[in-house]
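Starting off with a structure, shown below.
Chain lettering (A, B and C) follows the sequence in which the chains are written, and residue indices restart at 1 in each chain.
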Amino acid sequence: MAFDEPTIAEILRRQGISRRGFLKFCATTASLMALPPSMVPAIAAALEKARRPSVIWLSFQECTGCTESLTRSHTPSIEGLILEQISLDYHHTLQAASGEAAEAAREAAMRENHGKYLLVVDGSIPMGNAGYSTIAGVSNLDMLKETAAGAAAVIAVGSCAAYGGLPAALPNPTGAVPVSAIIKDKPVMNVPGCPPIPVVITGVLAHFLTFAALPELDDHGRPKVFYGESIHDRCYRRPFYDQGKFAETFDDEGARKGWCLFKLGCKGPVTYNACATTKWNQGVSFPIQSGHGCIGCSEPGFWDMGPLYKPLSMPIAPVQMMVGAAAAGGAIAGAAMAMRNRAAKKSAQAAHQKVTVEDLEKAK
Amino acid sequence: MTALELLTWARGPGLSIALAVCAFGILLRLFEIFGLGRKADLSRPRDHSPGSGWRTIVSRSLPPPGMVKQAPVTYIGGYVFHLGFAITLFFFVPHIELVRGLTGLSWPGLPTQLIDIAAVAGLLALIAVLASRLSNPVKRFLSGFQDYLAWLLTFLPLATGYLAFHHLLIDYTLALALHVLSVELLLVALPFTKLFHTVSVFVSRWYNGDIFGRKGVAS
Amino acid sequence: MSATFERGYNAFKEILDAPIASFFSSCVHCGLCAEACLFYTETGDPKYTPIHKLEPLRRAWQQEYTLLGKLAKLVGLAKPVTDAELAEWSPLVYDACTLCGRCSMVCPVGNDIAYMVRKMREGMTAAGHAPEGLVTATKRAIQSGSPAGVKWATVEATIKRVQKEFGFEVPVNRENADYLVLMSSWEILNYPEYLGAVGRILNRAGATWTLAQDAYEATNSGIQIGASDLARELVGRIVGAAERLKVKCVISPECGHAYSAIRWEGPNLMGRPFGFEVKHILEVLDDLRRAGKLKLKGTLDQPLTYHDPCQISRRGGVYEQPRTLLNQLAPQFREMHETGTMNWCCGGGGGVSANERAEPLRLTSFKRKKAQIEELGVKTLVTACANCRVVMEEALEHYHMDIEMLGLTELVAEHLDEEDKHV
């Protein structure tokens, strides 16, 4: 990032965003990040002074859904503006340059902002045959290592980059792994979801700009502020769960009345994300509100965690065959035991010596 | 292994193994018991008897007169625990869904507030009966490792279920995984410990009622 | 031949059956059987907990007849049953259990503990751990015809007394009679009035009856000690006489275990159903009453209560008949608090009264019955078991209680309406 570049505040003003609007954004960010209101001036001051950070965005084994989510859904929001105002020096979906020029831009950004740029990754990295996914003839693994070397921090966006994602689903043909499996010497933050919520990205970016550090992360490397509570606990349909009112099918009376979707396989209870509070599309809705259970897309391994439409408390695999076989085995073992017991009892009866009055005492 | 993976294992292979061991064990034990046989009773039974095996299966659930006063903790603790456990087990909707997933059978559940009360009552009763087991001279005298193991295996599913439901102490996903695993432990141990009384109680009560009933006594 | 541990353990293996396997499988050590057992309630000693009395038998079952137990035995994890252990258990199995079966009524999982103790005694006897008193009684029963050593000559003396006192002939060895009357040693020795009472009642009812010279003794020490081979021999005497004399019905006297021995165990010991009926005297009295052949007059107008002999009420099903009779005869009949099939034992059933070793414990355990009687404040105690009667008379004396005891059959005979001969 060049020092002659305008600060974020300057850019915002040029864009016609008022001071008031800017402060409102800072306040929203603070509340999203669960920071106390007293932090709002600090955020504002930091953002005003911050210069556009250089961001390099690498896309590996992914579907571009994360980019779609981040770029489209929130324009022209103030959060979107922040994204526009970062110096997105390399993003092969969005950048105008192509071919060698594109790669040259990446290399230039790495060189100029060494140690300061942010690396954003979406998509997983194939560890099987490198040929599964290459960019400009460079394997994903090599490009990730090379680009991460000079990064200040790495943000793994989407469940593929964070956990391997659908490419890693059994039997994981490409040997897909998440960013965190490769980058061990840099702070890596996971922003999982398929795709993740856009404001989560802007929120953590704001945090990075304000505090020059990543926010507090949970065990899965996710920012706690967004992934601290389960969908179930924040779900507006939760009262129906507690009352025992459930939709049994997607088109029954319960579904129409907006009752709980637990029985239709909702994974809200074991999914930690902010969907139920921040919602999507500028707060319009989220999957459960739209009538479909949560599929748990921001949880590690969600793609291999059993059928999407089976209730959480139901067995994942059909057990009847195995239980039936075991019962049959038990019956056979039991019958064998019973026959053995009968034989033992018979022989005890055969060994019975008639008790006479002489037999009532032990031999002297 | 993440908590969700643990839960998935518990819901998948874990549950299959536990149910298989349980089914194997129950069948084995029933064959063992019935295989020992019973000599036909040649004495002439009473023409009209108020007692029978079937009657005792039901009637033995009620205390004989005077006994509640004699052993209040055992009776009241026993009732509250068994009822609390049964209500929680059979009327919490996710549990019904489990049964539906296994058998296709389902029935209406109860609101979670009621389940919560039942679970708390069951837990408190379990603690009370444990205290009684440790302090009552007869129970302490009779009790061995198996008795305390059976208690623990019964306590854990209720306790982990309660922790999971209320998000206490541990993360929900992990709590749920531990809850499912604790139930699987219970299932595995059921045929081979005192927990087998859940099955054999019907057999022994029937025999008791039949033996007494033949003689004209309702037991 | 004599008793050895191996014979005892073998007997365990013989008697273990499906009910016992289910009972042991079901026990959760709740301790309620102790609360039902007077040997625990009156001593407070947990070793008298009924299910604990079966511990060696339980381990034999587990190690011989369960897969897990066999595996545990194979790898040396199971504690084997030893002769020393059986010796240690002898007082629990013989002195501290009257086979009253109250625990069997209370056990929440339905364990019939008395059923198991009865069977366990088979092994205890075969291993030589039966108490001396019972061994002596059993030997006498087999060798002289009666556990108390009562011989036919003594019975004849009783017959003469009865004939003299009541003026009717006591039929002996009479064929085709309606009833074969049996007695217990106690009745022959201590309560000859029983024979008089039965004779008067049956004669008044116009029934035919007889005694049998080779089968006068109803009791069965073989059942109490737990030796089915000997029990079979003893009950076989009665069955033989009943069949030879072609009687319709054998009347078990006022003796609890004699009734169990003939009525319930008899056919199983003999291996065939009987061609005659077996009834307790109270059942016969009730039959006669219902047929209008038992006319009574007058009442015994004083507060009294009825002690249910365990083997007759709880283990025998005869609990309504005595109440019907008493309600007719005794306007001040009062029930004890726990009664009928939930009665408390006198403390001397199941062979305990024949077991001198058990005497102190038996007297201690009587405190329960003592409290029951004192609660009612009655001075007369009616029962229908000579053994209960002897045990209680002894205990009442021990506790200096001024209580009169009566046999119910005598009480009925005393109120027999003999004036109107045309029924």
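By our rule, a contact is a pair of C-beta atoms (placed from the backbone, for glycine too) under 8 Å apart; a residue touches a chain by one contact, two chains touch by 3 or more.
Just so we're on the same page, UniProt names per chain: A = hydrogenase (acceptor); B = Nitrate reductase; C = (Fe-S)-binding protein.
From a predicted model like this one, the values you see are computed outputs, not experimental measurements.
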{"item": "Overall pattern in which the protein chains touch one another (line/ring/star/complete/other)", "value": "complete"}
{"item": "Centre-most chain, if every chain is reduced to its averaged C-alpha atoms", "value": "B"}
{"item": "Interchain centroid distance [CA atoms averaged], chain A/chain C, Å", "value": "76"}
{"item": "Where chain A and chain B are represented by their mean Cα positions, the distance between them in whole Å", "value": "39"}
{"item": "Gap in Å, rounded to a whole number, between the CA centres of chain C and chain B", "value": "37"}
{"item": "Multi-chain contact residues (two or more partners), chain B", "value": "28-29, 32, 34-37"}
{"item": "Chain A, residues touching no fewer than two other chains", "value": "333, 337, 341, 345"}
{"item": "Where chain C touches two or more other chains, by residue", "value": "16, 65-67"}
{"item": "Complex interface listing, chain B residues touching chain A", "value": "2-5, 7-8, 11-13, 15-16, 19-21, 23-32, 34-37, 93-95, 97-98, 100-102, 108-113, 167, 172-173, 176"}
{"item": "Residues of chain A defined as touching chain C within the complex", "value": "333, 337, 341, 344-345, 348-349, 351-363"}
{"item": "Sites on chain A touched by chain B in the complex", "value": "220, 230, 232-233, 241-244, 246, 262-263, 269-270, 296, 299-302, 304-306, 310-317, 319-320, 322-331, 333-335, 337-339, 341-342, 345"}
{"item": "Chain B partner contacts - residues on chain C that touch it in the complex", "value": "16-23, 25-32, 34-36, 40, 44, 46-47, 49, 51-52, 65-68, 104-112, 115, 263-268, 270-274, 277, 313-319, 337-338, 341-342"}
{"item": "Chain C contact footprint on chain B (complex, rising order)", "value": "28-29, 32-39, 41-44, 46, 49, 56-57, 60-61, 63-67, 70-71, 74-75, 78, 136-143, 147, 150, 192, 194, 196-197, 200-201, 203-209, 211-212, 214-219"}
